[in-house]
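For clarity, chains are labelled A, B, C, D and E in written order, and residue numbers in each chain start from 1.
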Amino acid sequence: MIDALISHYNYWLIIILMMLGLYVVVSRGNLVKKIVGLNIFQTSVFLLYISLGKVTGGTAPILTGKPEAFSNPLPHVLILTAIVVGIATTSLGLALVVRIRESYGTIEEDDILIAERSEDASKINGGSG
Amino acid sequence: MFIGATAALLVAMALVLYRAFAGPTLFDRVLSANSFGTKIVLLIGLLGFLTDRPEFLDIALLYALVNFIGTIAILKFFRYRNMGLSSEEIASREDEG
Amino acid sequence: MTTSIDMVLIVDLVLLTLLCLTALAIMLVRHLFAVVALTGAFSLLSAGLLVTLDAVDVAFTEAAVGAGISTVLMLGTLALTRRREARSPKLSPIGLIIIFFTGATLIYATPDMPKFGAADSPGLVHIVPSYIEGSENDIAVPNIVTAILASYRGYDTLGEVAVIFTAGMGVIILLGRRREDEYGYSEESAAFPLRSLASDDETGKDKS
Amino acid sequence: MNFILPHLPVLQVAIPLIAAPVCVLFTFGGHRKLAWLFTLAISWVCFLIAVALLSRVLLDTDISYAIGNWPPPFGIEYRVDPINAFVLLIISGISAIALPFARLSVEKEIETDRHILFYTSYLLCLTGLLGVTITGDAFNIFVFLEISSLSTYVLIATGVRQNRRALTAAYNYLILGTIGATFFVIGIGLLYMVTGTLNIGDLAERLQPLSDNRVVHAAFAFIVIGMGLKLALFPMHVWLPNAYTYAPSLVTVFLAATSTKVSVYVLLRFLFTAFGPSYDFVTLTFEFVLLPLAIVAMFAGSLTAIFQTNAKRLFAYSSVAQLGYMMLGVSLSNIPGLMATILHIFNHALMKGALFMALGCVMYRLGTVSLGSMKGLSRSMPWTMGALILGGLSLIGVPGTVGFISKWHLILGTLEAGYWPIAILIVGSSLLAVIYIWKIVEVAYLEKGINREEIVKEAPISMLAPLWVLVILNFYFGIDADLTTWVARNVAETFLGAGA
Amino acid sequence: MRHHLILRVVSKMLIPFIMLFGLYVQFHGDFGPGGGFQAGVIFAAAFILYALVFGDDQARKVVPDKALILLVPLGLLIYALTGFAGILLGGKFLDYDVLSSDPTHGQHLGILVIELGVGITVAAVMISIFRAYAGRTKAIDKEDW
């Protein structure tokens, strides 16, 4: 048990990080904070990938001419792509937040729901509108 | 020596991080974000020596750069609450302040 | 040499712990500016961690993107929105259930994961040796990551550029300046003259 | 021609991919009409390539294309077999039919100065969906999935001119879609951790001895949940109704007909090719997770649809129910069940394409698709409403329509699996569809609305023609289903043969 | 012009070096950490710094919107056309071996060209995104801090 704990400690901490990020996404009502949560969640996945490629005593996968043990470069490549995807998502999400703020005057999920409900209500009461 | 320096850096990072969390004023946070960046730059430099890979200094260079631009962006933003000012607007607002 | 390697692992552990604490702080803090500052710190920390894990290229990117571009974008958003979360954070039962299951699934899996730092994990044995050999002989590029990124999996990178392109187009569509004068921006009422006849209309047009 | 032929798999994706940046160049001078024509031409080229690919894999063998000339487990492989050739045909076919319809609809619904970039995003969405379908590499699926998802968020948000809720719909889809995609990536990472490969064919081989490995189980769970979010499997469908309702008409047509189907395909690919029903945990998931969720989706979707007052939202909920049928077919994991799923991927694309296109025509004339505004509309727009009702009949599953074919095979599948009560439930949920289609008939044909014959005219011919092409296909493949069932049987046998 | 003198002078001195660093990262990616994406971001950072310090209108004079909308697709086109060049020269899509008579040299050439494409698109997109945010009029003026 202790052995398992020590040999996987990186994974345990990354799992905690992942849970924190996911919790911020699903529980917070602020639209900006949700995006931040998404970033944390994605970063934890990046770390998961990179951790699985780490070799103890290994070094960065750049050939130096000396025979050396390299860490696995493939996860690095995958995560480079994933980081780009992450920043693309963030920028689009934030652009949507800006537009929502301009339209609704708020970036709180609850306030948006209230605004939409009152819209629906006025539609029903107002008859043809 | 490297080990001692690394340990000191890690402690300093934790302290600075606490300041970013606790605030209380905006300037505390700006300052802590900035000095946190500096510490990461130092840490990466140290790690380069620890692992015999001096090309890590490239990364440290980029971090220092990003840190500089980030801090300017934050301060600009705090001063004008906008990042798309034209040159005249910048000049006129300076006169106000 | 052994002491220095141990040191790297200790740095790794400390940085990860700090990373978790920063995430916790981001969760608790209500001041959105503090969230941005902490997110910048979070990115730098994770980038430092990536260096200790030998992923120098990734660390390079994470610093440029996470600490640089993301911070500027978030500030830009804050300039256009509000600076403080309106409601104090409350416990969300659904969120707790979701993260409980996610975490439980991963923790269930950890015993069968290859040990952290193991040199004989399947990833290192199966395909990667040919990559290392290939980037030395066929491609003759010292940085193996570049060799894989640009050649072996160059198509993924083409997709990555397309993703960035998509995001750029998207942001321009959403936030780009309107050029009413050039095309004669037609008002919504002009586009749908019959909408007023509709008896049960949906309200709530875009007011921007 | 012989020179191009071996490169068809990569051209299928590379042509729309290179078309997207070319399309941006039309902004110089603002050639909106040219941008549309260009997109239309590219769609048809894609469609022709898809036809060529499908005929080749059906008559000949599977095609493998090594991009960059690196042999498969090392480089990225494009692998075409009957099932993904079939899905490629659906995507590009719907796009080719929907684009003639698009011009007038887009003119009206989207801000004028955004048209060219709108078509660019549309091309990127097409690229992404085609790329996800054709690739044989697990991580490449994620990259192209994100191209299609990001462009979809943008496309949905362009509906803001009708209703600002398009923005919140796009935002919610962005959050949930990203969570789904990230879960998928976690799954891929876990699989890589224990197998060391990303190529799906190689993965399937190397997973054989690992059926007891906990990491594989966790990876399986993450992939199923991630794709479940993307395909709007109940209860992860919360993003779908708003996204479909507030998106512009063209986007709704295209998404409803293709996007969720692609996610269903990816799930099928992992369930049957990478893992295979020989694993205990896969069959257990079929029986205790997918089957109950599918049945709940069938009823919850249809029941919610009945109470909707907006026609687009009504059909969006009906899509949730229809996805339930597809997942039911998957969970049976026998030949007729899987055939039903594959047939329904095709048939549902035809009927939802027709239905949302008809609503697009209504939107074009009225500016709204709420049921209240459609009172007595059959008199002023007889062709549009006729198409809507015929599409509705297909949705219910009346004999002679495509809807009947897929439901028939689904019932056969349940009977073969020995679940006869479920067969009754399928009929029951079809009756619910009768109710919501009847609501539309009632409003459009029986109620007397404002007399609008003078003002509201029938939709223009360029919108009606593609609509009726889809309606006719609904009946053509409903009466003469030999071709589709042959393909579906072929596909189902490939899957179950490969898995067993 | 009286205030921020130090910032202006320092930025003016620094920006050429940032760009030089960008070029180094762009073309040194084969040997050390870096590549087109990182270089693109660094280039964009130089422009963002310029816009922050000297004003948005000045930055628009340096890189006009029209040039940006040309550069964004250009990088992706370069990349994709390299892929098609592989087909035309008798190889597969994105096959660099056929780009030159010597496969290794072809690989080098291919990697160089596509990294350039990546760099161009990334830099142009990042500047466009920044500009889209910055060009938006401010919605609110005073609020709680």
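Keep in mind that, in the parts below, a contact is a pair of C-beta atoms (placed from the backbone, for glycine too) under 8 Å apart; a residue touches a chain by one contact, two chains touch by 3 or more.
The structure displayed is predicted, hence computed values, not measured ones.
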Message: Using the touch definition from the top, how many steps at minimum link subunit B to subunit C?
response: 1
- request: Check every other chain and keep only those touching both subunit B and subunit E; list them.
  value: A, C
Message: Applying the document's contact definition, name the chain pair with more C-beta pairs in contact, D-E or A-E.
response: D-E
- prompt: Which chain's C-alpha centroid is most distant from that of subunit C?
  reply: D
Task: Report the chain whose mean Cα position is at the greatest distance from that of subunit E.
output: D
Query: Using the average of all C-alpha atoms in each chain as its centre, how far is it in Å between subunit A and subunit B?
result: 22
Query: From the C-alpha centre of subunit B to that of subunit D, how far is it in Å?
result: 47
- request: Would you kindly tell me how far, in whole Å, the mean C-alpha position of subunit E lies from that of subunit C?
  value: 19
- line: Per the C-alpha means, the centres of subunit C and subunit D lie apart by a whole-Å value of 27
Message: For subunit A, give me the residues that contact two or more of the other chains.
response: 22, 52, 59-60, 62, 74-75, 78, 80-81, 84-85, 88-89, 91-92, 94-99, 101-103, 116
Task: Send over the residues of subunit D in touch with two or more other chains.
output: 17, 20-21, 24, 67-68, 139, 143, 146, 150, 153-154, 157, 160, 164-165, 167, 186, 192-193
Field: Overlap residues in subunit C, where contacts from two or more other chains coincide
entry: 33, 56-57, 59-61, 64-65, 68-69, 72-73, 76-82, 106, 111, 113-114, 121, 123-124, 127-128, 131, 142-143, 145, 149, 151, 153-160, 162-167, 169-172, 174-175, 198-202, 204, 206-208
- request: Determine which chains touch and list them pairwise.
  value: A-B, A-C, A-D, A-E, B-C, B-E, C-D, C-E, D-E
- line: The answer for subunit E against subunit A in the complex is residues 31-33, 37, 129, 132-133, 136, 139
Message: For the complex, give me every residue of subunit C touching subunit A.
response: 5, 9, 12-13, 16-17, 19-20, 23-24, 26-27, 32, 35, 39, 42-43, 46, 49-50, 53-58, 61-62, 65-66, 69-70, 73-74, 76-78, 80-82, 85-87, 89-92, 94-96, 98-99, 102-103, 106-107, 110-111, 113-119, 121, 123-124, 127-128, 131-132, 135-136, 142-145, 148-149, 153, 156-157, 159-160, 163-164, 166-167, 170-171, 174-175, 198-204, 206-208
Task: Using the touch rule from the top, collect the residues of subunit A that touch subunit E in their complex.
output: 60, 62, 80, 84, 91, 94-95, 98, 101-102
Message: Show me the residue ranges of subunit D that touch subunit C in the complex, using the header's touch definition.
response: 17, 20-21, 24, 30, 67-68, 70, 73-76, 108-109, 111-114, 117-118, 120-121, 124, 127, 131, 139-140, 143-144, 146-147, 150-151, 153-154, 157-158, 160-165, 167, 186, 190, 192-197, 206, 213-215, 217-219, 221-222, 309-310, 365-368, 370-373, 375, 449-450, 452, 455-456
Statement: subunit B contacts subunit E in the complex at 26, 55, 58-59, 61-62, 65-66, 68-69, 72-73, 76, 81-91, 94, 97
